[in-house]
Amino acid sequence: MKQLKSVLFASAALTLAALPAQAQNMPKRIGYVTNYATHEWYQNVIKGMQARAKELGIQFEVQDANLDIAKQVAAAEDFMAKGVDVLIVTPVNEEGVVPLLRQAKSNDTPVVLEGNPVKGMTTMVAICDYDTGYFSGVEAGKYAKEKLGGTAKVMNVGLPLLSATVLRSQGFMDGLKTIVPEAVMVHDLDGGGNPDRALEVSAAALAKNADINIIYGINDSSSLGGLQAWKAAGKSQDALLTVGTGGEGLAFINAMEKEPSYRIEAAMFPEKEGYTAIDAAVKLFNGEEVPEHIVSPTAPMIGEDWKKFYDYDASTRSIKWDAVNALKAPEKCMKTAADLK
Amino acid sequence: MSHTSMTAAPDKAESSFFARLLKRQEMALFLCLVLVIAFFSFTAENFLSVRNMTNVFGQASLALTAGIGCAIVFISGEVDISIGALLATIALPLILIMNGTESLVLGIGGALLFGLIIGIVNGYLTAYAGINSLIVTLGMMFILRGGVYLYTGQRAIPDDAALDSFIALSDGRLFGVIPYSAIIAFGLLLIFAYMMQHRPFGRQIYAVGGNPEVARLAGYDVRRVKFTCFIISSLLATVAGIILAARVGSAQHTAGLNFEFQVVAATVLGGVSLAGGIGSLTGMALGVLILQFLSNGLRGLGLPTEWQLVITGIIIIAAVAFDEAKRRRAIGG
Amino acid sequence: MSADLLHAATDMATPTLEMRGIDKRFPGVIALENVDLVLQPGKVHALMGENGAGKSTLIKIMAGVYEKDAGAIRIQGREADIKSPRDSLRQGIKVVFQEIALISEFTVAENIFLEGYPTGRGGGIDWKKIRADSAALFKRIGFDVDPSARTGSLPVSQQQMVEIARALAHEAKVVVMDEPTSSLTPNEVALLFTVIRRLTTLGIAVVYVSHKLDEVFEIADTVTVLRDGRHISTRPIGEHTNETLIQDMIGRRIDNLFPRQRTAAGTKVALSVQGLSTAKKIRDVSFEARAGEVLGFFGLMGAGRTELAKAIVGYDPITAGTIAIDGSVLAPHDTRTGVRLGIGLLTEDRKTEGLMAELPVYQNTSLASLGTFARMGFIDTARERKAVQEYVDRFRIKTPGLFQQIKNLSGGNQQKVLISRWLMRGLKVIVVDEPTRGIDVGAKSEIFALIDRLAGEGLAVVMMTSEMPELLGLADRVAVMCEGRLTAIMSREDATQEKILNAAIG
Amino acid sequence: MSEIVHPSPARRLAGGRLLGSSQLVLAVILAALCIAISLAAPQFYSEANVIAILRQCALVLIVASGMTMLIITAEVDLSVGASLAFVGCIGMAVLNATHSLTLGILASLAFAGGVGLVNGLVVTRLKVNSLIGTIGMMMMLQGGVYLFTREAVQNHHQLSSFTGLGAGYVGPIPMPVIFAAAIFIIAYVTLRFTTLGRYLYAVGANEKAVRLSGLRSERLKLLAFVVTGLCVGIAGMILASLMNAGQPTAGRGFELTVIAAVILGGTSLLGGRGSLFGTLLGVLVLKVIDNGIIILGWNQDLQMVVPGVVIILASYLDIVRNKANVR
């Protein structure tokens, strides 16, 4: 805990220095309606937000939609009734919060979106999902060439539910093909983003196609579910590569330490995303110009790379802000949800 | 039935109106609601503001509308747990038709027609084919939810038409205060509460749920009554689905997940018995409002989801247990 | 001769209802075959026969509960098609079934108008009219019940009266009453007969179904007897005597309905009840039952017989008093201890408290004694079925096999299975509550013989009954209850109908 | 109250033939499914796939065995899915803290059994309808698991014995299948050959009659709840082992799969009627459908639609056949 604090202070100094020196009005209260607070990704997003809000002396509150769009609208209404200065929302679904934005507009409450773009939004803080998948795909290609004899038969433990996750899978395949042009996606699964469901569907797919040698998961639960199915089938991990996405919690650190095939993780730094969202909220409150898409950085981590970005003491992880803040995010994504249709 | 009823003395009609009012289950629920509101008005910030109050009524409109149907089906002695999935399904014809025709009337008409068909299927399989309604509606829940996923490819469908009239369903407020959705829900509640208490058909539903054999001997078409109840339930879930679609401006494939549990919980909390023939729509409405104010107040306190779930779970069990204890005491003399 | 009479009857006037050549078959059974019934306006027509003779089926066809397979129904000379209770009601046929057909959650007034609510402007129910009309109706027939009381809170006898009153609320041409007096007090029976007579003055045809000969002789104009689904006779009541009626009903003479085989009752006290009270009904009841005797408890409806029965076997909680079986006190007060000490209840309500309807005969029989067929919890099914088979043979239980679902057996055979359940277990005291309810005359004497034998084998039998002949025929001693209290205990020799009734009225 | 003897052919129930006629329908459906799928995709019959199907059946079957007993007593438990996730987290956490698999398993069994006990007490003592009572419990557990842990509980010690619970083999047979088979056999024997089993049917068929016969009907129901809980405890540990972590998000919708399988197997929700063999067939049918859709490369959304249709259809066929029997 102490360690975390000192890191926070260091990073605070760093970011404050990076900010333009103009005097800013701080919003008093920011409300965040998250998609699914019990998910590790969002917990770490919230951690980043809390850290940054505390630093700036802003009162910060969270409400959880718990994957229920109706509840999300209700929670946002509650916040507006309470009179928050800025609203941050992770849409349960891209289309579902259009009326919410309309309401916020008529209420003069600025809204920052996290994660998913929505028609009529002012600004969104998000990673580039396609790019994230793409660069991990490139790394996977290199690995395949070196260790897997240049073949790449991919089982995608995907989630068609969200455009973001579809983009990751597409990016991964496209990146992979730049190195291994004959790479194919043997199975495109719906793992529900859940470990147990991912395990179940992967087991069937692995049974059908014995030649799979790369497991790609759109989040850590999915890649781990796929890998567990592989292990449960009694297969050796020698000729396998597992690629996860997110770096959401502790699971991937464990896996990279203990599973021989789990070599690549496309880290998305949820803490950083939360941090950036608060900054964006402050800017909106002050009426500053903000880009429509504020990109939060991601990076593929190979092998031991994770230690560069995280400290881990067997029960909690803490982000190394200087390393993460040093990452450069692209101005624009290669592909976005708009390109899917 | 013959033994339990022999001993209790008949209620005296002369007892005052007020005393009878106090005895009613709805009164206990109402007091409970007042207590919840009182508690949060002291503890949760902004709870009593007009804005927050009207918000809650708007938010309650979904469960309230669908709850009417749920309660009616319960009273008829059956259950319908397909309403959550129907809530999501119904937005498809609505949004698709509106996007295609730019007409709210056609969209709502299409949605109601779809709901009607689902009600007919549920009702037929239960009332005429004789399959347990829990099984029928569980199966229907799978079919509808899977069907929506299949059709949409798990993509929400935006409301491209963005008709003003449709938007008003979500944003519109009477005199700028009361959400239209709440007015619709309470309007439907009034209509159906009147039907259940003062229309022969409503009383037939009570009779069928209370004792189907007696109802049959009294010349009622038990199967048709139950059949109709399922249609009512599906149509009301359709209306709730339309309101939800307006509130979220799209057809959402994941809408209404676990919604059936919320509605069933509120209905039972409101004193409507799963055994049939017992309970009232007023009770159901109070149950919905209690849960809604509770979740709003808990949000206001900044309590995380997990606590909200735990507390709601405890309250449901406690309320039903209390109700049951009261009933047994009444019988035991 | 009976055919001539039928013709004579038709000559009198256009019959209100005419059923000709009615056939009804159930799987494997012919319930009715070529049965005729002709009802004249303003007359009371008794319908008699043993259980299983087809009375219920015939009534249910009238009520539209069953559809006839063949035959014709004419109402006031016009062909009528009755396919559902609704059709029947529309034709002006109103049936009061033996089982109470009221919605217990509704008020009395609402139940009166269940079959057709009066509506006001716009189709809303006119509650004022419902209350006023039912109050007026009750006043007219001299029935003192609050129309706004919740029906379920009334005693059963009053509910029965509500049912009968309901028959008057609608314009009926035919009123059918199925065993209407089974749960009425003598006062209420008198009230009922006044009501029936009033109905006849209005020109309504009344069908009166009963086992009780004295009632039939008092109220009926004509009697039709059915036996084994066939029409046996239709005669004016004046042509019948007790003997001829019974003979028509059973087709043979029953000399000894109560074949008493026992000699003297024992003296050892098997059951001792002291100062027993319950929250519900029972007030300070004390008595003893001896091994080898039948102690009969008589009481009118609502006297508390069933409540007493359930309390002494440990099923219902008690508030005061002690129960001892063979000197061991029943504590804790539950059925588990009761059965262990050797007391069990043969319930009056077979359907909801006795039978496991969906389960086979052998499992129903062995339920209470399963432990004796088990080693380390495993059932020796061969031994179990063999034991059950012995009882099936010994008591001549008519079943296609041990695996038959018990719901498919007749009432008498079901009762024999339930008695076997207790015999297999080996009790010291058996409490039998209305042992012959819903059982036909032939089977009745078998059940009586069984009870007699139980006592003969040394059990103490405590028999709750509302049937005077049953009581006098079987009991060694007679206990009488009134409103939850024990008002008299007398020996068989001292017991007369008058004494018993006096004690029962209190 | 008809007094008529229906001399319909003596239908053997509960203790009669191995396959009741309703199970026959299911067996035919299962066979037809297997043949159809393997004709379209021969990989269906590969050893790897058969094992995969069996392993997936195992988890459901373990809980469904308990649930069958419970539904036979005319009660139901909707909290098993939420409990499954919670149990895994608890077991994992205890395992991490104590380094002992035994203690981890004991803790998870104690927790799941405790949940069953509370469910049972709520139903038998407080007289709350089990559908409602266990919905309440479901909410409490869904919330409670996140109060217990916000993240997946990682496997710190990697005990091989623990990993073996889910991923291990005995010969060619996966461990979960062995567990499931053992539990199934115990439950089957209990229901068919023991007094306890007979009493469970009896309670479901007529609780009052059972009580009058000197048996403690409430204890029997309570026991069925606890047994269901214990089954969840075992399944939860196996799932945690399979996923190598305690996952608070696991088990969503699991209760519906389990209940669907039991109902599909012909167990009546009204109690007193049903068989474990039917449940086994029900589990197999549902999981073969699930697997077949992936093997055939069909749209996975059909994994919801098809079971929905099958459940309604099977219930309908059962009723049609019963009617035909009566005629």
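The letters A, B, C and D name the chains in turn, as written, and every chain counts its residues from 1.
Rule of thumb we're sticking to: a residue touches a chain if its C-beta (ideal position, glycine included) is under 8 Å from a C-beta of that chain, and two chains touch if they have at least 3 such contacts.
This structure is a prediction, so every number in the text was calculated from the model and none was measured.
The chain with its C-alpha centre at the largest distance from the centre of chain C is A.
Annotation: C-D is the more contact-rich of the chain pairs C-D and B-C, by number of C-beta pairs in contact.
Averaging C-alpha coordinates per chain places the centre of chain A 74 Å away from that of chain C. Averaged C-alpha coordinates give centres for chain B and chain C that are 42 Å from one another.
With centres set at the average Cα position, the gap from chain B to chain D is 30 Å.
Of all residues in chain D, those that touch two or more other chains are 146, 301. Shared interface positions of chain C, i.e. residues touching 2 or more other chains, are not present.
The residues of chain B that reach two or more other chains are 154, 304-306, listed in rising order.
Under the contact rule stated at the top, the pairs of chains that touch are A-B, A-D, B-C, B-D, C-D.
Chain A makes touch with chain D in their complex at residues 38-40, 43, 187, 189-190, 194-197, 199-201, 203-210, 221, 224-225, 228-229, 231-234, 249-251, 254, 258, 314. Per the touch definition, chain B reaches chain D in the complex via residues 125, 129-132, 134-136, 138-147, 149-150, 154, 261, 264-265, 268, 274, 304-314, 316-317, 320-321, 324-325, 328.
On the chain C side of its complex with chain B, the touching residues are 63, 65, 84-86, 88-90, 95, 97, 100-106, 110, 114-117, 119, 123-125, 127, 145-150, 152-156, 159, 279-281, 302, 306-307, 349.
The part of chain A that touches chain B in the complex is made up of residues 37-38, 61-64, 66-70, 73-75, 77-78, 80-83, 92-100, 102-103, 106, 119, 160-161, 163, 190. By the touch criterion given at the top, residues 26-29, 31, 51-52, 56, 99, 313, 315, 334-336, 338-340, 344-345, 347, 351-360, 363, 367-368, 370-371, 374, 377-379, 381, 398, 400-401, 403-405, 408-413, 421, 425, 438, 440 of chain C touch chain D in their complex.
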